[in-house]
Amino acid sequence: MIGKLKATVLRNRGFTGALVLFAVLFITYQSIHPRGFSTAVLVQNSNEVVALAFVAIAQTIPVLIGGLDLSVGAVMTLTNTIASHVVTGTPMQMLLGAVLTLGAGTMFGLMNGLIVVYGRIQPIIATLATGAIAIGLALILRPSPGGDIDGDLNWAATNAVFDFAETYGFADNGNAAWIQPFVNIPVPLIILLVVALGVWLPFKRTVTCRTIYAIGSAEGAAHLSGLPIARAKIAAFTLAGFFAACGGLYLAIQTSSGNADLTQAGTYTLNSIASVVLGGTSLMGGTGGPIGSMIGAFILRIISFFFRILSIDPLLQPLIEGLVLLVAVSLGALRTFRVKNKLGLFR
Amino acid sequence: MNSSDAIVQLRGVSRYFGGVTALDNVNFSCKAGSIHGILGENGAGKSTLIKILSGVLGASEGQILNNGKQVSYRSTAEATADGIVCIFQELSLVPDLTVAENIFIDQPPRRMGMIDNRKQRQMAVELLARIKCEDVDPDAHIRELSLSRRQMIEIAKALAKNPRVLILDEATSALTSNDVETVYDLMNELRADGVACIFISHRMKEVDALCDRLSVFRNGQHIQSFDKGGLNETEIVQLMIGREITAQYPPKRSTPIGETTLSVSSLRWENSLKGVDLQVNAGEIVGLGGLDGQGHKELLLGLFGALRGMTGEITFQGGTYKPSSPAQSKRQGLALVPEDRKTEGLMLEMSIGDNILLPNYKSVSQAGVINGRLANEAIAKAIELLQIKVGSADDPVETLSGGNQQKVVIAKWLMLNPDIILLNDPTRGIDVGTKQEIYRLMRDLVEAGKSVLLYSTDYAELIGCCDRVCVMYDGRIVSELEGDTLTEEAIVAASLNIHKDDPA
Amino acid sequence: MTFLSFSKPADRPLLIALLTTLVILMVGTAYTLTTQGTAPLLTPSYLLQQLQIGSFLGICAAGMMMVVLLGHIDLSVPWTMTAAAMMATSVGGPWAIPAGLSVGLAVGLLNGFGVSFLRIPSMIFTLGVDSVLRGLMVAHTGGFAPQTKASPLMRYLAADTFLGIPVAIFVWAFVSIVIAAILTKTGFGKSIYAVGVKEGAAYLSGIRTRRVIIGSFVASALCASTAGVLLAGYSAKAYQDMGTPYLLPAIAAVVLGGTHILGGRGRYLGTLIGATLIVFLNSVLSIMQMPESYRQIIYGVVIITMLLVYGRGKQN
Amino acid sequence: GPNIVSGPGVNPECFAPWTDETNFMQWEAREGPFRVAVVNGFVGNTWRIQMIKTAKAFAEDPSIAGKISDFKVVSTGTDAPAQLGAIEDFINQGYDAIITIAVSPDGFDRVIRLADRNDVVLVPFDNVLDTDKVMQVNEDQLAMGRMFSEFVLGELDAKGVSSGKILEVRGLPGNSVDRDRSIGINEVFAADDGDWEMVSVNGMWDDGTTQKVVADAIAVHGEFAAVVAQGGSNGMVQAIQDSGHPWVPVSGESENGYRKALSEHSDAGLKGISIGQSPGLVAIAMKAAVSALEGNVMPQLISVPLPVATYDELEDGKNFWSDLPDNFFTVNEFPPCDVNISGPAIMAEDESDS
């Protein structure tokens, strides 16, 4: 039994490592924060991480098939601008707008998938190009930042459950007894977990998902085993598009506006890759998963949280941030030094 | 033959790869409830044949019939659905998925449309029991398993699809003798259940033991089919390689052994090598025998510098020698022909020439710049020496068949003219003809005063061409057999470590 | 000479890229003819000036190709360029260029070490190195207010002309010849391809794969720093963030040149053409005063279409 | 939150209201010393570095040091959630005032709401927000654009040129500052009776890009009557010089290098105007924040006078420094606000001895 547990942990070293690192960083941060462990701080933290977490999840799935999606940041930006146009009006219209936004992102992902599978273009390049296209479209939709998404929605979606209830006046403004256990949970966190787990866990138990892992691990074998390779690849990029759109939609709600920011798109793509790696997913594909990447995103964010509570020369902060990132990803080297059979290195 | 009761049947099937004709107007059929062996040299077209049967490749010409009705499968999935299941020469397991997931990879048990992991696991346990692999943890990742174990899982995977036609393409090449037994029993069961098995192997013994009917292929053509016992071994081999063959193994050492080339004492690494003592002298072929996973591979890799943290004394050519990396071992005069030519030995998509030159650029460059003329000469010489069947030295290696690929691996090392060459099961999946050429080559090397250390899964081979055989058991060398003591019985006994003077 | 031959089918991408470049120039000329009745695009002076500016990209691409052939990538190019330029100008005088190049050397060794010894995926390790370099440069400017004036030699190499041809183009040519020679004429070059195809097999063939990897990353970083030093010479000074516009175009140039992004396949001539293509695409777009949005879309579409066409080549 | 009150505000020569319609705001006074944070976005360019150094230096400045008990500066990079997060975090930590350069003119509703709830003074400057709910500090970009054009037109007039191509070098697409300056520039030329063909290129406010696009434009269009750049001025001058294009009237930012060039080549015809978006704005924003915390009446939108210098007003050692690097921004001090930290003082000396 205990042996089994040990084996499982060993098989998911990367993930376990990420979890531990996260726990350490988070607890340290919260305990030195003047208002550590308070709802306000949790809400703030989750608000900051949601968009990145979604994009990191999006990145994970193409990475699992051994590809990379350099368009996730751009798709987030594109959907962000779309949302800033369509998520307005009556609640019904807003809901419709949200669906439209997610649909658009999913379609874009589907397009990536089709190009990769039927165009036979390496994912990394295909998405580099489609990413540029996405940014172009975003710039057309929002030549300059703007759009106003309903303020209540913004307030409700970026707060704790209590304020949510209060804003929309249900559970008698969040004072009902049944809701008390939840009032302090940040809404953004709920959104993130519900969407991520709600989509991923069922998907994980399909042959398509199994094929995604198989492709990343040994495409030839997957092919000989008669697995639906094309379907799986297309699914991977489509899902990536969907999750990137979730990021874009939330970003739009959070900033109640749309902004076709080229640099920001780039930042998010690169950070998504960093999150995936920190989360213990191998860029070779085949091992890991979105949950890990979510934690990777948390880790990435927490690193910068520290600058706000410690006094560090502002002109040294970028350096420190860079070094910490470098060291964090270099922890992956521990594996290398455990490897006694050097051939094990070349997998 | 009357094709009425044939379950699968090929009519005038041909397959071309660019210029190469892999199959040439083949008519072939096999009956339900029989085991049908297919024999042929490397490149004879065996794999191509079964790849066409099982939907991996399409036929360029001709038609395929299943139970009399014509079919053309566009994917293995379609073939499987039709009851045709194949175990391919190149394994089809996914390293990062668990054993259970691999066994039921494309048709897992479902509940409400979703994979039912518990059920899958328990079904896997049952299957593993059926193939006598209870030791394998269904949750283990394939990565963690040895090659022989993987081949057994392959078989389990095939059984899980309860096939009506089961095809094994050299599926037993890496199996240890007792696993092979298990497979025999299974195939006999299946035959009893009316399943048709197509069995491809280069081990005459196995084919003999199992098959009811044999078909011989030679460069793409179906030469002849006959019932078991219809022809004797030499006749069969003759059909396969299309010429008279003389004694299978070259005569043993004629020259006296020279001084010690390599001597190893109490070599330890992790828990695979537990104090190996070994001597290899100039002018002799030393064999490594024993069951799978007793540390042969580690020993060879370790000597070649691919393992870290190995302890023990090694002297090589009189000097102490500490293997630290293949590059350094190469310079010292060692060479290694690795276990898996496809992933460790060759750059499949690179040209034959580049593959041969890979370790040798120093020798064909002047002042760090490659001299084209020297390079081409060197390549031509190597191809000539090993009689590699190539169209042009610029073709990718992947277009060669297994045997010729293996020759390329050996060729690139011979160019360095090493003092000792370590071979890890070099004749696995290689046809008789090529095997003989390789045996002869080894013999020539040692005649020229070099040394050879040969690990083989094939006992006959060890007995046939080694001057001395060291049998490994549990990371140690438990006995050395030479001359008359070198018999199959002796090796088997030693492999199982049943000795009157047993140390352990 | 073999370097210029298009014989193999694998060379179709090169031809296509070459043709595309010409088409782009034609389109641009058609545009200027209709709008202004002149064809500046085809005047030698303009072409030379474009190639002069293009040489910085071309040199980056040359280095990038060395790592792409390994199946790796170097995302530290932007701040390697910047750091090299800023160090060169801070040191100044005759030691300016050596200082700049030694930055490249150091970065290359670091990247190589991380990728070959620590076995961290280059995608992420070089990304980390890039942000470290950025941090260093911010701290450097913030803390030490360094000199930023390019040395006369830097000016000469980047902005001056020789026999009427910008010196920068000669530098680009020189780098090209060196890289092409390494790739086609040396064991190191061949080993790069081998490692790109299958590192494990290369390792077991007695190739010092770690040295090969480090060597390639050093080459890449040296090219980047050369480009940085030149760019500083061209602008007469170094400034923060000067390398950022060069990363993605460099990768695109390599890929449009027919080099396989997963390594093992590709010719330098292709990269050369790819770089030229991007340079002229850029200048035509800016002549048309194309707004950023459509610019981005056009880049994307061009890359996709060309790779689709290349792919067609592979199938039949 | 603040109350909307009627003016006049405190210290008007420093805190000048944008227009006479501009509202005034007042927070109730509280006891100092205060905790102040600066939340910067992108960090990797000279202007931002100079801004951060100015902020640090000003926080030590005797005129204000006593009123600030705790001062933090963080840079979040171009990442809206991160910047919003940082601001919210400082609000949670109970800071009294938060100065920021917004990464986007929009999307700050939540933090504004939180700031008001917790009586935190939030002061965007440089890249300001499209809202009148917060106190903001900026220079009038539209006016800057107009001034660029008016000066250039004046010079052309003096040369007797009344037609030709004008090269406009724009900045970051989608950025509000770029938009406003460009509007200003173009409306003046449109209004002028000479016939001008505007050619506009995108310099991203960055010397390298500007140099490249200007060089391209010259190569394609031949000669320009004038060049109106809103940034990357060094690159613009460099390109004109290298291409052998004759010196013409120009406009640009306030980099030291640009002013050096103006003073050096003005006789040869490089007659230029230099208006700086000054990194010193941060100091004024800090000062405004403190003054607001002290309960003074403040304009909602504070217009900082444009620091203008034309080629004939340049004086070595006073408003430019021929012996110092090109990159730093010359205008940094604002005497009316007794912000007296000069560019060279912080950008041209070693940290250790400043």
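Descriptive notes on the structure:
Note that the chains take the letters A, B, C and D in the order they are written out, and that residue 1 is the start of every chain.
Methods note: contacts are C-beta pairs under 8 Å (C-beta built on N, C-alpha and C of every residue); 3 or more make two chains touch, one makes a residue touch a chain.
Please read all numbers here as calculations on a predicted model, not as lab measurements.
Looking at chain B and chain C, the chains in contact with each of them are A. Contact count check for A-C and C-D (C-beta pairs in contact): higher for A-C.
Farthest from chain D, judged by the mean position of CA atoms in each chain, is B.
Measuring from the averaged C-alpha position of chain A to that of chain C gives a distance of 31 Å.
Rounded to a whole number, the gap between the C-alpha centres of chain C and chain D is 34 angstrom.
Look at where the CA atoms of chain B average out and do the same for chain D: the two points lie 73 Å apart.
With centres defined as mean CA coordinates, chain B is found 45 Å away from chain A. With touch defined as above, residues shared between interfaces to two or more other chains in chain D number as follows: 43-44, 49, 52-53, 173.
Under the contact definition stated at the top, the residues of chain A that touch 2 or more other chains are 139, 143, 260, 315, 317-318, 342-343.
Residues of chain B in contact with two or more other chains: 306, 325, 344.
Here, these are the chain pairs in contact: A-B, A-C, A-D, B-C, C-D. Across the interface of their complex, chain D is touched by residues 32, 36, 40-41, 45-46, 49-50, 53, 134, 137-138, 141-149, 159, 231, 234-237, 239-242, 245, 283, 286-287, 289, 291-293 of chain C. Residues 181, 185-188, 190-191, 193-194, 197-198, 200-208, 264-265 of chain C are the ones that touch chain B when the two sit in their complex. On the chain A side of its complex with chain B, the touching residues are 4, 7-8, 11, 202, 205-207, 210, 213-214, 216-218, 220-228, 286-287, 339-343. Contacts from chain B toward chain C in the complex involve residues 304, 306, 325-327, 329-331, 336, 338, 343-350, 354, 357-359, 361-362, 365, 368-370, 412. Only residues 68, 115, 119-122, 124-126, 128-133, 135-140, 143, 260, 262, 270, 273-274, 277, 283-284, 315-323, 325-326, 329-330, 332-333, 335-336, 342-343, 345-346 of chain A touch chain C when the two sit together in their complex.
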